[in-house]
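Have a look at the structure below, then the notes.
Chain IDs A, B, C and D follow the sequence of writing; residue 1 opens each chain.
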Amino acid sequence: MLLLLGATVLLVASGFAAVTIQQSPRWCNAVGASGAVAGCLLGLLSALRALLGASDSSLRLAWEVPGGAFFVQMDVLSAFFLFPVLGLSALAAVYGSEYLRHYQQRKWLGPPWFFFNLLVASMVLVVVARNGVLFLIAWEVMALASFFLVTFDDESVEVREAGWTYLVATHVGTAFLLAFFVLAGRASGSLDFDRLSVAPTEASLLFLLAVVGFGTKAGFAPFHVWLPEAHPAAPSHVSAVMSGVMLKTGIYGLVRTLTILASPPAWWGWLLCGIGLVSGIGGVLFALAQRDVKRMLAYSSVENIGIIALGLGIGVLGVATGVPALAVLGFAGGLLHVVNHAVVKGLLFLAAGSVAHATGTRDIERLGGAMKRMPYTGAVFLIAAIAICGLPPLNGFVSEWLIFLGALHGSISPGRSAAIPVLAVIGGLALIGGLAAACFTRAFGVVFLGTARSDHVTRAHEPGLAMRLPMLLLAAGCVLIGSFAPLLVGGLAPVIASATGLQTPQVATHLVSATRPLQYVVWSALGLLVVVALLAGLRRALLADRRAEVGLTWDCGYVQPSARMQYTASSFAQPLMHLFGVLLQTQQRTVTPAGFFPRAASLITKTPDVCAERLYQPAFRGIGRGLSSLRWLQHGRVHLYVLYIAVTLLVLLVWKLG
Amino acid sequence: MSVWVDTALVLLALTSLLLVASSRLTRCIRIVAFQGSILGVLTLLVHHDELVLRTLMLAAAIVALKGAAFPWLLSRVLQDADVRREVEPLVGYISSLLIGTLMLAVSFWLSARLPLPRPAVSSLVVPIALFTTLIGLFVIVTRRTALTQVLAYLVLENGIYVFGVGLVQGTPMLVELGVLLDVFVAVFVMGIAIFHINREFDHIDTEQLTLLKDWAE
Amino acid sequence: MMLLLLLLLPVVAAVGAYFTTHDGARRTVLVMSAAAHATMVTATWAVTPAPLLGGWVRLDALGQLFLSVTSALFLLVAIHSVGYLQRESRGARRDSEEALWFANAPEATFTTCLLLFLAAMTLVTVSHRFGLLWLAIEMTTLASAPLIYFHRHHRSLEATWKYLLVCSVGIALALLGNFFLAVAASNHGGEPIPLVLNDLIERAAELHVPWLKAAFLLLMVGYGTKMGLAPLHTWLPDAHSEAPSVVSALLSGALLNCAFLGVLRIQQVCEAAGQGAFGRDVFVDFGLLSMAVAAVFIVGQPDYKRMLAYSSVEHMGLLSLGVGLGGVAAFGAMLHAVNHSLTKAMLFLIAGNILAAYRTKSTRDVRGVLRVLPMSGVLWVTGFLAITGSPPFGPFLSELTILRGALDQDRSVVAFLYLTFLAVIFVGMATAVLRMAQGTPATEATNAPGGEPVSAIVPSAVLAAIVLVLGLYIPGPLRDALAAAARTLG
Amino acid sequence: MSLAPFVHLLLALVCAPLLFSVINRTKAMIAGRDGQVLLQPYYDLAKLLKKGAVYSGTTTWVFRAGPVVGLAALLVATALVPFGGRAAPVAFAGDLILFASLLGLLRFFTVIAALDTGSSFEGMGASREVTFSALAEPALLLGLAAVARQTGSLSLSTMYAGVDLDTWVVAAPVFALLAGALLVVFLAENARIPVDDPTTHLELTMIHEVMVLDHGGPDLAFILYASALKLWLLGMLLVGLVVPVRTANPWLDGGAATAGMIGVAILTGIIESCMARWRLTRVPQLLVAASVLSALALALMLR
């Protein structure tokens, strides 16, 4: 425990140090990054000890604030969430140390490092805090730190607006959490987690508060609106951390809530599944519609959060209906996907960052053919894309497979209450998978393959080692998690036990029903690789002594194919956009060629977020209008002000005494 | 003696009504001055049984301030400010009178709601005091010039003072004088303010003092 | 004896300052006396001073709390105002909003009034005799009016006039309230109870209830006007926006608290007389209404000083709400009184720096404060986060405590409205403050005279530090004082 | 571990290409021609394997990796599919998901290989491929989930082992609906009429064919063989459902399954000769209809 706190202190301290020495960017970078890495490694060490020792170490100090106590505890759940948080943060810090160097002419590098390290420290504290006030403070510090990172490039209007949206969203979410904690602590008068007592009548209310409060941070639809704004705005290593792990603190909060509110009713599971389906399908569809690669990734985060929610939903259903297999598999899938998405999405954002940074644009319609200029980045992006589509043999497949298996278990379980949502999950998950494949073939194909659509790419170059290394490590992570899945899933037993409230041995027995098939999965994955190798060898052997000419792409006889003739990302996505037009509400502006000598025709499509456009903006406008319609109160006539006083007095006298 | 007290109180009420109905600023000032002196007399009448130095001093101070000093100060300001000598009310005189009578009723009703813990020198004290206070407020609200507002503020003070004199025994000298002093300073500061207003704007019409607001008509 | 010193020191200093001709000397007097006052106040935490005038003047937990805040604020403001007065060039100056020329009031007057203001506020915090309390509060009005009219132009004059008139009317009503209280105290024959707090509380049972209630309402409206509770707050935005920022800081940070103290005193009597519930309801109503009205004017507010003023209205509402809820919330209210004073004062000081650099009060014309005035910019954003109740700053804790108070009593509607108003106001302020702080400044609007002088930064920085500390740790003595203060409110 | 499971593996690997010629012969017969010889696909493969290759200068290693990975994925998938009711060599709970994902992998690589050429035609084909497969995916998995619920097991092998006559008698309507759904999936995934026309020569109308325009030589051979395998496997899923011959005798079951496979091929031929390709905008309706069929089957079961 002390080790972890030491790590936190080290993080904060190095952040301060970075600010104090920001006159020299090199040192500022070095101190900030190395401090972050060192802190993360220390933290990982203590998390590892907690997970292996599996003994909860806690620390409770008196703290002189109302309702507060400095109460931190490291249990398996916290340790489990600490891994992605610290691991990804460390890699992102290394990446950032090179990424930020390109700002050093224009900006101070102290603040970004300060806030980055503060962000990491606060995430650690969020995960281990066991007191409401402490948690809320850490939670909000996390939000603020990330806000200042998002608005790093505050010269541009978009970034400022994104920051505003993010700040407002997270603050409103926190309001729900305030209500949540105060309500939960009301009975015992203490906000320590172990003394939060919940009256069964209030449990559902608390759950809803938690879903909204934590869901806003996690990016559940329809509370996700801040996400596609904020993540593109932030520097890429920050986007990686935000999307990869900061969202997961919301998931952590939800799971922690479930442990606090014991014995959930079935409809909580239904609700989570519903949210999961909406977020998953909606997220991937909107991702498919984006032109900005980082925005696309942000929406894909919404999708994956949806998948996690599906897993949790199935798990809750299992707990509620008393089908342990369902519960165990659901939580296993959900929790494992937390890690997988952290690795994969982190990798994707880093890769996208280095592309954007090398080409100077995030608009995929201007990219293309980047593979030739940036082979490493292209390769890791491909790996990540396969993983995030949940395709074998990588890690993404394992977690989705677990959720599927859980759903199938539910579908063959006799009861009906579990079966119906579970079948919706199967169908939805399949659809999400297919759409995700469409989304990421599009992204990878249009950005890295074909020929350059603009000279942005022709100037591109592979980034330096500090940016490449983290990406390679994360890619390796995708493969390793995929190959050691049975081991990892088996290791999840205590975590799932703490999340579901089942006994660890019981969980373990049910996990076997997942781990044994998983071994087959892994073997077949290995087999796949072997077969690939064999076939590749065969192909090489066949072509060994033959002519392999290089020509033009087949163009149906057209002589001079140009880069502009390639299929664009928008047209690639068009059929699906058309199919789901009702959801997407894509706006289109067309100038069709007309007359004998037509002018330049054009087609502009844009798909803004439906929730933002149809839900929030009208609401905010309405509130603003309503408030401003009351402004006549302050009309500036002093004698009428005196009238206010008189009237107030009379009203009070008559009302209270009359 | 209570007859005289009642007369004084009635006179007070009448002067208030008169103020509401009168149109010329100079007249208003005189009315308020008269009211002030009535107040002084009232002080004597109430404390007639122990006509000690203290009471005399107090009464003298009241007359001196409310009857002489304030009117003098305000008429000084009035001379400096070459405004039209009309009051230009936002509510017409007749309707003002009607509202005034209405307020009389209200104050009697209120005083009925508040039974006195111990009998006062006169049953009229509470209603009249309240009435005068209300009139003060009413005039502040319905008259435009800063000067009238100060006058009205004085009337308000008078009403409150009547209340104090009529009901409250054993108020320490220190407090009473302090109150007087405070009122004096307040009026003085307001006088200065009016002087400045007049210099800045060439008018003392508070209707036009509406630059600071959060609402654009 | 110590109390007497506390009261006399500023007065003497004021007289001295009035007759000093040399600027430097006068400013030294200002700072020195402020420092002396502060040290004496600190001393009162060690030894409780003996009461004067047979208990009319004494220092209880509540008074000590408010006195300490006032004194500390005054010291910092004094330091800040030294630099401010240096910057304020003599003679005719260009007005920032309209193209008119104006002069400042003579500095001697300004300093004198400042010190008299301090004296009056000190008197407010220590007077237990209701009449005396009334005198003191009226004095604060009179002493601060010239301060608001420091810039001699018509807007500040208008503000001053409104301030004077509205507050005087309110105070007059409060006087009536005092008389009502006297009547209530002279119940059924016998010797009337002297209007001294402790006596009233001791013999509260003998008070005549209807008159007590009436007195409470009158005092509530009267002092509420001064405190800035809606709908009696009307003078507040004008005065705060037109007064020099140092004065606005004092008005928001100290003066409003003093008026609040006036209301608390009568509430104490009500509690003792078993009428606490009656009073608390009124407090809750005023509190919610004030927050609502503040929300109306903060959202889309084009003038950042007015925005801060309305935020003061909001927080006065918060205090009144906390007192109205009682219990834990009362403690929260006391804590919040401290937090709000410090934070708001800091914000006004920073607003002064911004105004000096950009020469406009319009949130739309100010851009890139973080670039033009880095320190002020950081403090500006910090202050915004603090005042809107974001952790890890003090107001967060107090607002959380008030929420707990609301939910402990199942006042879920109140809690809901409370959170809603807070959220709306947060959005409103965030929009304005971020727009000002971020981005790149418009080229012409950036004449920071000599960058950021130390005296313009240090006080605000100190305040920010205190607020941050209060968000992470509440010292024992302070907590005890707060608890004691809350206890007197039942 | 007996050798029996590997019989089917062998059979599939050897006979898959035969299905093409069966379909062709059927169509030819109906059209009154006598079509190609049965071994024609093997000749084609052999010829292609002997050829050299021409690569577009635009392409990268992704283009070359496409066919290899695709074929590998299908070879692994072959090991998962039961032969009628007979267990597959590799069988475990949830292998149906692996099967579906392997098809997904094949698709993924085909698509990016197509995009690697930078040709607008191949991009067009890729776009259509991902669209239709995204819609076919739920139909397939829901259908299999329905079988799973009916037979109460989670592995393709045990599932299909459970589909015997008795179950048919109980759940005839369910299985009928499922058969419909799986047939649609079979046609769509294998780019047959009415979704796609393998024999067209107009790039604009192609889906699968257009994606492999630039492949030649061994690569093309891999692709052709892979698609043959795909035809066989999806067909086998259909056959396992509609030919509920589950006796103790492996040869009898195997024979029935093989016959059923040929039957499916003939059926395909018939469909292709009496239907025209649908407008691309109508295809989604067909696929959604398939999903609806599966969902309906499930609803019947939950009743």
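The rule we apply is simple: a contact is a pair of C-beta atoms (placed from the backbone, for glycine too) under 8 Å apart; a residue touches a chain by one contact, two chains touch by 3 or more.
Bear in mind the structure is a predicted one, so any value in this text is a computation, not a measurement.
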item: Most distant chain from chain D, judged by the mean position of its C-alpha atoms; value: B
item: Innermost chain by mean C-alpha position; value: A
item: Which two chains share the largest set of C-beta contact pairs; value: A-D
item: Centroid spacing, where centroids are CA-atom means, of chain A and chain C in whole angstrom; value: 44
item: Distance from chain D to chain A - Cα centre to Cα centre, in angstrom; value: 36
item: Centre-to-centre distance between chain D and chain C (centres being mean Cα positions), rounded to whole Å; value: 78
item: Chain centre separation in whole Å, for chain C relative to chain B (CA means); value: 31
item: Shared interface positions of chain B, touching two or more other chains; value: 113-114, 137, 140, 149, 206, 209, 211-212, 214
item: Contacts with two or more other chains, residues of chain A listed in rising order; value: 631, 633-634, 638, 642, 645, 653, 657
item: Chain-to-chain touches, reported pairwise for every pair that qualifies; value: A-B, A-C, A-D, B-C
item: Interface residues, chain D side, partner chain A - complex; value: 49, 51-60, 62, 64-65, 67-69, 71-73, 75-76, 79-80, 90, 92-95, 97-98, 100-102, 104-105, 107-108, 111-112, 115-124, 126-128, 130-131, 133-138, 140-142, 145, 148-149, 152-154, 203, 213-214, 217-219, 222, 280, 284, 291, 295, 298, 302
item: Of all residues in chain C, those that touch chain A in their complex; value: 161-162, 165-166, 169-170, 173, 210, 213-214, 217-218, 220-221, 225, 231-232, 234-235, 237, 278, 282, 293, 295-297, 299-300, 328, 331-332, 335, 370, 385, 388, 390-392, 396-397, 400-401, 403-404, 407-408, 415, 419, 422-424, 426-427, 430-431, 434-435, 438-440, 471-476, 479
item: Chain A residues within the chain B interface of the complex; value: 631-640, 642-643, 645-646, 653, 657-658
item: Parts of chain A lying in touch with chain D, wherever the complex brings them together; value: 368-369, 371-372, 378, 382, 386, 389-392, 397, 401, 404-405, 407-409, 411-412, 416, 419-420, 423, 426-431, 433-435, 437-438, 441-442, 444-446, 449-451, 513, 516-517, 520-521, 524, 527-528, 531-532, 535-536, 538-539, 542-543, 546-556, 561, 563, 565-567, 571-576, 579
item: Chain B to chain C touching residues, read off their complex; value: 113-118, 133, 137, 140, 146, 149, 153, 156-157, 160, 163-164, 167-172, 175, 178-179, 182, 185-186, 189-190, 193, 196-197, 200-201, 206, 209, 211-212, 214
